[in-house]
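A, B, C and D are the chain letters, set down in written order, and residue numbers restart from 1 in every chain.
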Amino acid sequence: MTIDKIFNSCDEAVADIFDGATVMVGGFGSYGGLPINLIVALSRQGAKDLTIIANMGGVGYELSHRIKPGGYQDSGILFENGQVRKFIGSVPALGGMPPTSPLERLFNEGKVEIEMVPQGTLAERLRCGAGGLGGFYTPVGVGTTVEAGKEKKVIDGREYILELPLTADFALIKAHQADTPGNLVYRQTARCFNPVMAMAAGVTIAEVDELVPTGQLDPEVIVTPHIYVNRIVEVPA
Amino acid sequence: MKERLNEQTIALRAAREFTDGSVVNLGYGMPGLCANLITGDRAVFFQSENGMLGYGSLATDEEKDYELINASDQPVTPLPGMCFFDSAAAFDMIRGGHIDIVVLGAYQVSERGDLANWGRPGRPATGMGGGMDLAVGAKKIIVTMLHTTKDGGPRIVRDCTYPLTARQCVSLIITDLAVMAVTEDGLLLKEIAPGWTVPEVQALTEAKLTPAADLKEIEL
Amino acid sequence: MKERLNEQTIALRAAREFTDGSVVNLGYGMPGLCANLITGDRAVFFQSENGMLGYGSLATDEEKDYELINASDQPVTPLPGMCFFDSAAAFDMIRGGHIDIVVLGAYQVSERGDLANWGRPGRPATGMGGGMDLAVGAKKIIVTMLHTTKDGGPRIVRDCTYPLTARQCVSLIITDLAVMAVTEDGLLLKEIAPGWTVPEVQALTEAKLTPAADLKEIEL
Amino acid sequence: MTIDKIFNSCDEAVADIFDGATVMVGGFGSYGGLPINLIVALSRQGAKDLTIIANMGGVGYELSHRIKPGGYQDSGILFENGQVRKFIGSVPALGGMPPTSPLERLFNEGKVEIEMVPQGTLAERLRCGAGGLGGFYTPVGVGTTVEAGKEKKVIDGREYILELPLTADFALIKAHQADTPGNLVYRQTARCFNPVMAMAAGVTIAEVDELVPTGQLDPEVIVTPHIYVNRIVEVPA
């Protein structure tokens, strides 16, 4: 008997995300690699007081039309709904005419907290959390606002700051294909933050373009081994 | 003729810095144009921090695939020999010194090469994205930017007043008015836009510019 | 009948601990045999620290492929749904707590579950391989070992005298004489080999054994 | 013009490895993934006073017959030749009847230094070196001989030790296929330490079963991007 990871809908897959949960949202920022259907399901589900870990805070449905014709939902909807207490990521808002994201507006109103993390440090903190490490020293952020409150150390003549691991209760990710045990492959630049988040969360929920039988994915090509994937929803592209 | 260079021309000047075989990362906005300016038999490998190496030019409307984008959200075209990887691997490349050249935009650059390119006063929620990692990790940092602010104020300054991206990281500044190298002795004015004089450019620059012995017009 | 279990039987007893769906890493030597003991409809996923998840049984001579080996250098067979990854990814899995069960050999185990399984006095050049990572990272550590040394001395001791792999990490010890759980109160003797008495096993054990209320013969 | 990375022989590819160089040797330990032809070329080349970074120290030609019928050369030959000053890795020798490797014999004679590194820590130190990090905190080795001389820190209630990055002048690695720019794919468990070593060395030299034209490797499948590969030698399996 294999454990069945296949869920019939995104709504069922996110049903137990609880108030106060920490939730990673995959993708890079815009459309490619974003678990759009899981995000929308979470917005319907209504869990509150969430901490969202994501590279970008989302631009929101209105601005999304500038990125992709027709637009799309992103994490912006979770902020608009008032479901989020804190955001951890590298781009809460773009640099254009403000506000460039629902998150920026809510932050300016004092309703959401932001922990700003350089993008590479974000990726590495996720991997650090996934891999059971206690922290790492990076040269990124030295001499900037990023070093505030962090331990600094000189190693081999260079200055570094200590960054700590990130983990989460849930990760919402997007992949191209899953097989029945839950191995995942991605498509082009839609890979981005999805694999590291899959590794770093307690419960990883993947929306995939296509579900294939066991053995149909080349073992050399699998990017995310099934042990990192807890739930799968097929949402044909 | 006394004009400021347009963005396309600034990008073209930056692309001239790409030596054969170099691995290049293009920052948000204007630098992205450089990908369209590599032609013929030159082998330049563009890396993008969202997890891609070896992509081609920006995609036309017919070519657009929204799962093949650069880090500025622009669809690009595939090239033979390209590959994909995740964000952690992308930043191992960047932080680990495996990128030869990065072209970044900036709000301010100081005379020591300090870079401020992610935050502006009054906008605490805009983020640094991968800019800090790129500024710290790439072997050579080229900044492309407009020489002055919208109000005509200087962007090339003695000390950055905007939030820093990284200290003493910029090698070369290419603006709509000039090309300047960051040296131990400050900013060396190497090239100047057609029709402009050194005093005119200096007047729009807070940092002191030292004209190079072989100062010339910007060449493309 | 009073015999010691053979290696195959010890491995079989260990394999009974693998719950359905569990991810299991098998250490060097005797534990490797467990891969051959999973039959029928049980879904156990074997991970190997050289970069493989979901392999099958040990390969027969005809099946041998020396680029499909477990971490003990033994060729294994492929299974549908398996995958490969590099050593860094393999140890993210291990250190990060994504392995449910690891079965390791040992020179000594202490009554607190301290493990010594890589170095012996007089052999300073043998190394720990991935044993320390496995002992620290896996959710449950099972040791399979012979109950005594070749000279009849104890291996299950009050304090390890051999170099430690990790402190307080072992949950269950399976030997040719007994199955013992490491508890807050010391070693709980849960199962005993056919024909042996508690005093006989205790006499071959330096650490104190507390017989379980439901002590029984080792069942397979 | 692309930079030409193709070398005609392993001898040419290792010709400039200098006395005193630090050299990573890929593979896991035994036959699979071991750059056997590059190792043999280095033994012919004769560079001395080397530091070898490898998971295993090699068993030597004699014992190798127990692992694979017909036997094979491994790093043992470099130790036997007296070319190595120091070994950094996790298994200098196996636990069987001593000496189980040329390295063990030379170590016992006081002729080679050993830095013993747990295997996962070795992989992570390589990745740390490749990724420009200053070091990381790991729980592995706490309370053992591994922690000797290292900084310890309690993070979030757990004890960790600080481990530092590893880099090298050269890496000798084995891959299955390379394309002309130098992208690499591996075969099954022959992947192991090769990709992280490729990333962590100044000059990475790959022996490959097969060289294929640019564009023939699926971009989703490439494990080692070409920027980590400096020299390629085709040695058909």
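Assume a contact is a pair of C-beta atoms (placed from the backbone, for glycine too) under 8 Å apart; a residue touches a chain by one contact, two chains touch by 3 or more.
In this text, all values refer to a predicted model and were calculated from it rather than measured experimentally.
Participant: On the document's contact criterion, could you list the chains that touch chain A and likewise touch chain B?
Facilitator: Chains touching both chain A and chain B: D.
Participant: Just to be sure I understand the contacts, which chains border both chain D and chain C?
Facilitator: Expected: A.
Participant: Chain A to chain D: how many Å between their CA centres?
Facilitator: 34
Participant: Compute the distance, rounded to whole Å, between the mean C-alpha positions of chain B and chain D.
Facilitator: 37
Participant: So how far apart, in whole Å, are chain B and chain C when each is placed at the average of its C-alpha atoms?
Facilitator: Roughly 56 Å separates the two chain centres.
Participant: Name the residues of chain D that each touch 2 or more other chains.
Facilitator: Residues 124, 127, 131-133, 138-139, 186-188, 219-220 of chain D each touch two or more of the other chains.
Participant: At which residue positions does chain C touch at least two other chains?
Facilitator: Residues 84-85, 91, 95, 136-137 of chain C each touch two or more of the other chains.
Participant: Chain adjacency by touch: line, ring, star, complete or other shape?
Facilitator: Other.
Participant: Taking all chains into account, which pairs touch?
Facilitator: So the chains that touch one another pair up as A-B, A-C, A-D, B-D, C-D.
Participant: So in the complex, which bits of chain D are touching chain B?
Facilitator: My answer: residues 1-3, 127, 129-133, 179-181, 183, 199, 214-215, 217, 219-220, 222, 225-228.
Participant: Touching residues of chain A toward chain B in the complex: what are they?
Facilitator: Touch list, chain A to chain B: 28-33, 55-57, 67-68, 89-95, 98-101, 103-104, 107-108, 114, 116, 118-124, 126-127, 138-146, 186-196, 223.
Participant: Please give the residue numbers of chain C that touch chain A in the complex, ascending.
Facilitator: 20-21, 23, 41-43, 45, 47, 53-54, 78, 80-85, 91-93, 95-98, 136-137
Participant: Hey, which residues of chain C end up touching chain D in the complex?
Facilitator: 28, 48-52, 65-71, 73, 84-88, 90-91, 94-95, 118, 120, 123-133, 136-137, 163-167
Participant: If you look only at chain A, which of its residues touch chain D in the complex?
Facilitator: 124, 128, 131-139, 153, 155-156, 158, 160, 164, 185-188, 218-221
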